[in-house]
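Take a look at the structure set out below.
Order of writing sets the labels: A, B, C, D, E and F. Residues in every chain begin at 1.
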Amino acid sequence: METVNILIEALPYIKKFHKKKILIKYGGHAMIDDTTMSSTARDTVLLKYVGMKPIVVHGGGPEISRSMNKLGKEPKFIGGLRITDQETMEIIKMVLVGKINTDIVSKVCVHGGKGIGISGKDNLLLNARKRAPQVIVDGETGEETTIDLGLVGEIDSVNPEVIDMLTMNDYIPIISPIGVDDRGNTLNLNADTVAGDVASSVDAEKLIILTDVPGILEDPNDPETLIKKVQADEVMELIDQGIVKDGMIPKVMTCLQAVENGVSSAHIIDGRIQHSVLLEIFTKKGIGTMIKG
Amino acid sequence: METVNILIEALPYIKKFHKKKILIKYGGHAMIDDTTMSSTARDTVLLKYVGMKPIVVHGGGPEISRSMNKLGKEPKFIGGLRITDQETMEIIKMVLVGKINTDIVSKVCVHGGKGIGISGKDNLLLNARKRAPQVIVDGETGEETTIDLGLVGEIDSVNPEVIDMLTMNDYIPIISPIGVDDRGNTLNLNADTVAGDVASSVDAEKLIILTDVPGILEDPNDPETLIKKVQADEVMELIDQGIVKDGMIPKVMTCLQAVENGVSSAHIIDGRIQHSVLLEIFTKKGIGTMIKG
Amino acid sequence: METVNILIEALPYIKKFHKKKILIKYGGHAMIDDTTMSSTARDTVLLKYVGMKPIVVHGGGPEISRSMNKLGKEPKFIGGLRITDQETMEIIKMVLVGKINTDIVSKVCVHGGKGIGISGKDNLLLNARKRAPQVIVDGETGEETTIDLGLVGEIDSVNPEVIDMLTMNDYIPIISPIGVDDRGNTLNLNADTVAGDVASSVDAEKLIILTDVPGILEDPNDPETLIKKVQADEVMELIDQGIVKDGMIPKVMTCLQAVENGVSSAHIIDGRIQHSVLLEIFTKKGIGTMIKG
Amino acid sequence: METVNILIEALPYIKKFHKKKILIKYGGHAMIDDTTMSSTARDTVLLKYVGMKPIVVHGGGPEISRSMNKLGKEPKFIGGLRITDQETMEIIKMVLVGKINTDIVSKVCVHGGKGIGISGKDNLLLNARKRAPQVIVDGETGEETTIDLGLVGEIDSVNPEVIDMLTMNDYIPIISPIGVDDRGNTLNLNADTVAGDVASSVDAEKLIILTDVPGILEDPNDPETLIKKVQADEVMELIDQGIVKDGMIPKVMTCLQAVENGVSSAHIIDGRIQHSVLLEIFTKKGIGTMIKG
Amino acid sequence: METVNILIEALPYIKKFHKKKILIKYGGHAMIDDTTMSSTARDTVLLKYVGMKPIVVHGGGPEISRSMNKLGKEPKFIGGLRITDQETMEIIKMVLVGKINTDIVSKVCVHGGKGIGISGKDNLLLNARKRAPQVIVDGETGEETTIDLGLVGEIDSVNPEVIDMLTMNDYIPIISPIGVDDRGNTLNLNADTVAGDVASSVDAEKLIILTDVPGILEDPNDPETLIKKVQADEVMELIDQGIVKDGMIPKVMTCLQAVENGVSSAHIIDGRIQHSVLLEIFTKKGIGTMIKG
Amino acid sequence: METVNILIEALPYIKKFHKKKILIKYGGHAMIDDTTMSSTARDTVLLKYVGMKPIVVHGGGPEISRSMNKLGKEPKFIGGLRITDQETMEIIKMVLVGKINTDIVSKVCVHGGKGIGISGKDNLLLNARKRAPQVIVDGETGEETTIDLGLVGEIDSVNPEVIDMLTMNDYIPIISPIGVDDRGNTLNLNADTVAGDVASSVDAEKLIILTDVPGILEDPNDPETLIKKVQADEVMELIDQGIVKDGMIPKVMTCLQAVENGVSSAHIIDGRIQHSVLLEIFTKKGIGTMIKG
């Protein structure tokens, strides 16, 4: 009986998001083990079956670093961005496209979804350009050092044609966040940014970022201080106040930008919790932080 | 959390019946009050939203009799069939099409479904012909009396074109069980038979008959003796044994015929219980009796 | 030979209205007997076969009053509007949807048209809201009385989706003029207004109102004084002069509004005359009054 | 009023032939003057507007002979077939495609039809092969002479693709009866045969041959002896009896073959009578001879 | 090996003009013999097979004059325009539509293209109106004479519907340059103008005029002085300087107008050279003069 | 001029294979350097632009072995099949899907094709099952050893739905030869077999296997002994005679099977030669060995 009452409770949400695109970012830190990933994949398939159009963008930072270590290369970061030489780029591609993406596709298909893996290189989905070198200021001496990040890119434009074809034909696209420049070179992209840009370009209703924290916390050590809902125009203040800081800043900025570009709401939720996507979509109070325009 | 676990449990059924047509017969005796009807309508809409194609056929016997009484006409039955003169036929049409059908449409629309009411007269959906007069044998004298039932019909053919158009365009058709003969005369039809014939003609996956008993009971006074599943080839035996008898016989025969004509399974369930349709579809053990080929 | 000459004469009209929507209002007072209705239905089917897209809205006032009388309820009107309590509303629905609509559908189908009956409740076709209570001023004392008309509504919006689907698929929609409010309650609507609003919302070429007078007469007692054509901007003057008065006012206002909303011409004609629709469409001089923008 | 009664009388025929293809052969002898041709074109357009799909094949023998004479070439025939040298073939093409076809197209367009002229060369519509030389037996001496007819062909196959595209898009195709062989050479074809073969290949409902006699007459000098209807299996007998003879034989054989290949009925009528096509289609007794399977 | 290198060299052009419409004008003076025409037809088919949408407009002046002579009529011109009486118009139609057009269609079909011939009369493709009489000033006396050119027309509007249907269905339309006025009269049109107007109305990428000179020459007697490329805004200057003169003026003006109406580039090339169309499209330096906006 | 002559020579092949699917297997041994791969990718794009539907399956054996060595794992083979433990499978996936596939996609996109990479896991394209263990017989002792190859699979079925969608929408699918079993496990597949099975399942016209030998040679050391054409029924004889042996056997058997399953012809050609695909398709004598049914 309960089964049924709950289906009935979910009905308003099912109706509200009927035929709407839901962009889910599977974070590298959220994909902690096979069970969690499998569960997330099953939730994604469920969204498809109850009438939504889920699209997945995945990350993979920790796995990339593990593979680099295995091959005797030390991962290095400047301002959160991975320094990417040609060899690192090869490893990134192999891990993201060859390993993580195919794993997610498998899990989606096992649960009955028509999963299909694509990367930013397919039909030039993610057109990018090399980022300018970073300028680092030495806190003590004030000396500036310019560091070339290598094959790190930023998105110029998203070509949503392939995604539109796939969702229209009932496929669930799983997207690896690598870009391609005008000459066919592969570039390393930030997965959150990719998720946000794709969400905007396909007119997604929701952008849901699965990560390894409960959302925006007033006190990072106290999950009870979770902020459930933030208006777009309050975001900058939260950053100024230092409540949003460090690695959370780019995630929140991605959400803000997506919302400003027409996505109805963006969500930062804890992907390590089973069924967090469904809890965020199908319950009134949700589970993480929602940013709304 | 429970919400979500249950959605996940429902997923296999949602997948199994994806894009399948489900014919639900709302029985006159099952539509006991406004709340039950509203709840059944909501369940029907939910089936639509999770990807099935529900089609409704409704009855209305008790309501028709009430209206006849109000107008000073006494309802009369021969062998379960209502003797139908021209005036009675008018009342039947008004009650079925004008009252019950529009009420169901309203409830379906209020819950977000694209409900649309049709009758067997629309585009000659239910082509029928007048039934032959009934021959009644007096138990004592053995005397035979021939009684003309009036405008009581039996279905010649179903023209599913209009239903196909409606389901393809995401509508939920609500069908009143009246037929039309070759000259445009309206005929009174048995709603169960209509449900079965329509189910076959549109290649429905399931036929679900909502009535006012729990299903087929070995002992009609003991709900514990419910028979959960009957093979098509066991049906005649149950009738021979007297376990299926009286008003249950035509319902079971309708189920049997539907299954023989390609419907995967037919169900007789208690429509007075809230969400009985969902319980039958989304739980492993179901709630009534299933007849399978 | 004549047959053929006349077909040839009709060709310019057939070309002119090819694939155009023609909204025909069957008035309650025009449906005087079975033969007239059958003939009007056949004319409607002919329009379909020679390439137009007829849509029917019907009334039914006299029939409703007859049914109320039969059930011992006295019809009451304030300013031409029927006071509609819950029980009256039930009778209206049953008569309009269950009786008159199904009768027209039958007649259209018998003549080879794909007739299908819908009401304003189907897929929320006619969204309406309860009318404000009427204020009646006593002519002598000047005393004001406020009378609640009950379930009498006015149209908020027309949702033409279902009509578009039907006409595109070669059906002839027959529409009962009842509305539905936001909570699913049925409301009694003026059939002329419904005809006008539907005509505008589906971009009809013509609105033809069948009634029981020859059109607008300068002298109501002299059919020879029929005004054949009225410009939209002359309508108010005709009302001011008292030439258009009483029950004709709402009809004329409906025509005026339709024309102002894009319908090319609106016609008031005598539905009691056989083939009046065809005479109005296929002959140069027509038969009633045409209002043009 | 008459106008309208006649439309109503035509309705059963309009319904019966709704969306059916009607192949009309405009015979060279039937196109006696501009007025007749214009009238026939208008009738053809009318068929289109009341829902049929007319297709025209035209002849042009007399006009071709006139043009040959003007250019100082004497027309010669063997067994009804025009001896066709290269220069004659050029004249035939110019007269049929350049003159008669464009004239018919103009007349169809002027009356509001979407006329479009094609010939058997367009997209290899009429694939043909050179006819074997004719053997002529001298009645007196019994001597055999073999005469090469030149560029006279017989149809190998009809490629209806272009006609299907045109009728589906509401065009009225006007077809010139010239064929093309495997190497692109133009061949002179019998227009009646072309009409029959095209009718079969597009699944026409009717083949109507307009000529300069009233139909099959028992006594060729007495129009009162017109045979209204011939069963397919009676045709050979009529030929054996000499009732069908000379130039009528190929016409009747074309009709017979069309009917045997699935055309419902074939008609030979007098194209010089105004509106003969309409009289044949829209009146019960018709005007010429109908051959039916 | 060479074969393949050259295909590879052609690839950029194949890509650039993929699915683009290319309007090719076959000039009467360029159709010097059967071999040249056949070769041009084959080139046209090749364009279709490598993904473009070729459309042909043909001329036929010399052939028309030959036919007139044969019939004892002397061709007369005023300012390059043929004086066209009714009889001349008949000859023009027969030569263009019946002879030249069908010949091109044949050649296109023989090489595997789906050629189909149409004229400006089909579905009123080229709506035209009679030109005003020409006023001729006597150089010596200054006397003005007004000469009516007869059935010479100028284009009012192009109705590209039929061309769109044909190219969408992979046909290659071959268009005869005759027009039709509002009453169905045929008018003689300038073929270059027709080519330009059709090119604009179907949004062609290129207009290629095949003629009997190499292009625009600075010195008409020296092919080495060919001007390869002209900007639209330089055209008038070339005329002022007398470099473009006589019969070249209308061709160049047609090109200019096409380019101003959205055609990307217009080309005047020597159609007597084998494969000139391909040389112009598939080689960097081209073969004639290109006019670009 | 040559450019154009060669295009004209290619026309018959372009016509013959218009809209036909061409399956090209890029062999691991054929992808010897970046220039060769880029050139092959460009040729593939050219096929698309001239109207064919190319589909690519790639191998990658040498690259996989290189990556294994880099990670300190020694590649081992039994009967030509790579022993594949879990870790090796991960490397295979990363190299095939993450490296080689994305590289080909890039090259195809750079040359203007709509390249999209998929693997056998996407929408369960290549359903496979673990191969039975291999039984090795010791040549000397006759002792049998059973060796489990690990995650090596054989294809059960191909689900061409995704390929059909892609080719219909003008994409060029690039397929990595890994399979998926019923539980979502990845299996290592033979790329030639995949190419053959996919070719059959999508009704390809041609299967072209690019490898590092010129084709079937009578004397493997003498390229002059190339066999240009083999009938399907001659294949087994060539194997019996030892002319086809070792690694060539599976390639030839794949070709044979494809031809038996409806592929018109299969080709084994030297992928190291620039433009070998084009030479095989666009020249009469071809460049490698063709196997035909």
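Note that in this section a residue touches a chain if its C-beta (ideal position, glycine included) is under 8 Å from a C-beta of that chain, and two chains touch if they have at least 3 such contacts.
In UniProt terms the chains read A, B, C, D, E, F = Acetylglutamate kinase.
If you're wondering where the values come from, they're calculated on a predicted model, not measured in any experiment.
A.B. asks: Can you give me the shortest step count from chain A to chain D, moving only between touching chains?
C.D. replies: 3
A.B. asks: Counting only C-alpha atoms to place each centre, which chain is farthest from chain F?
C.D. replies: Here the answer is chain C, farthest from chain F.
A.B. asks: Roughly how far is chain C from chain D, centre to centre by C-alpha average, rounded to an integer in Å?
C.D. replies: 49
A.B. asks: Any idea how many Å lie between the Cα centroids of chain B and chain F?
C.D. replies: The mean C-alpha positions of chain B and chain F differ by 57 Å.
A.B. asks: Would you give the residues of chain F that are in contact with at least 2 other chains, written as numbers and ranges?
C.D. replies: Where chain F is concerned, no single residue meets two or more other chains.
A.B. asks: Given which chains touch which, is the overall layout a line, a ring, a star, complete, or other?
C.D. replies: ring
A.B. asks: Just walk me round the ring: chain B, then chain C, then whatever comes after, in order.
C.D. replies: Order of chains in the ring, chain B then chain C onward: B, C, D, E, F, A.
A.B. asks: Show which residues of chain D lie in contact with chain E when the two form their complex.
C.D. replies: For this pair, the touching residues of chain D are 70-71, 90, 93-99, 101-102, 105-107, 109-110, 114-119, 121-124, 162, 165, 169, 171, 178, 180, 183-184, 186.
A.B. asks: Would you pull the chain E residues touching chain F in the complex into a rising list?
C.D. replies: 1-11, 14-15, 18, 42-43, 45-46, 49-51, 111-112, 275, 278-279, 282-283
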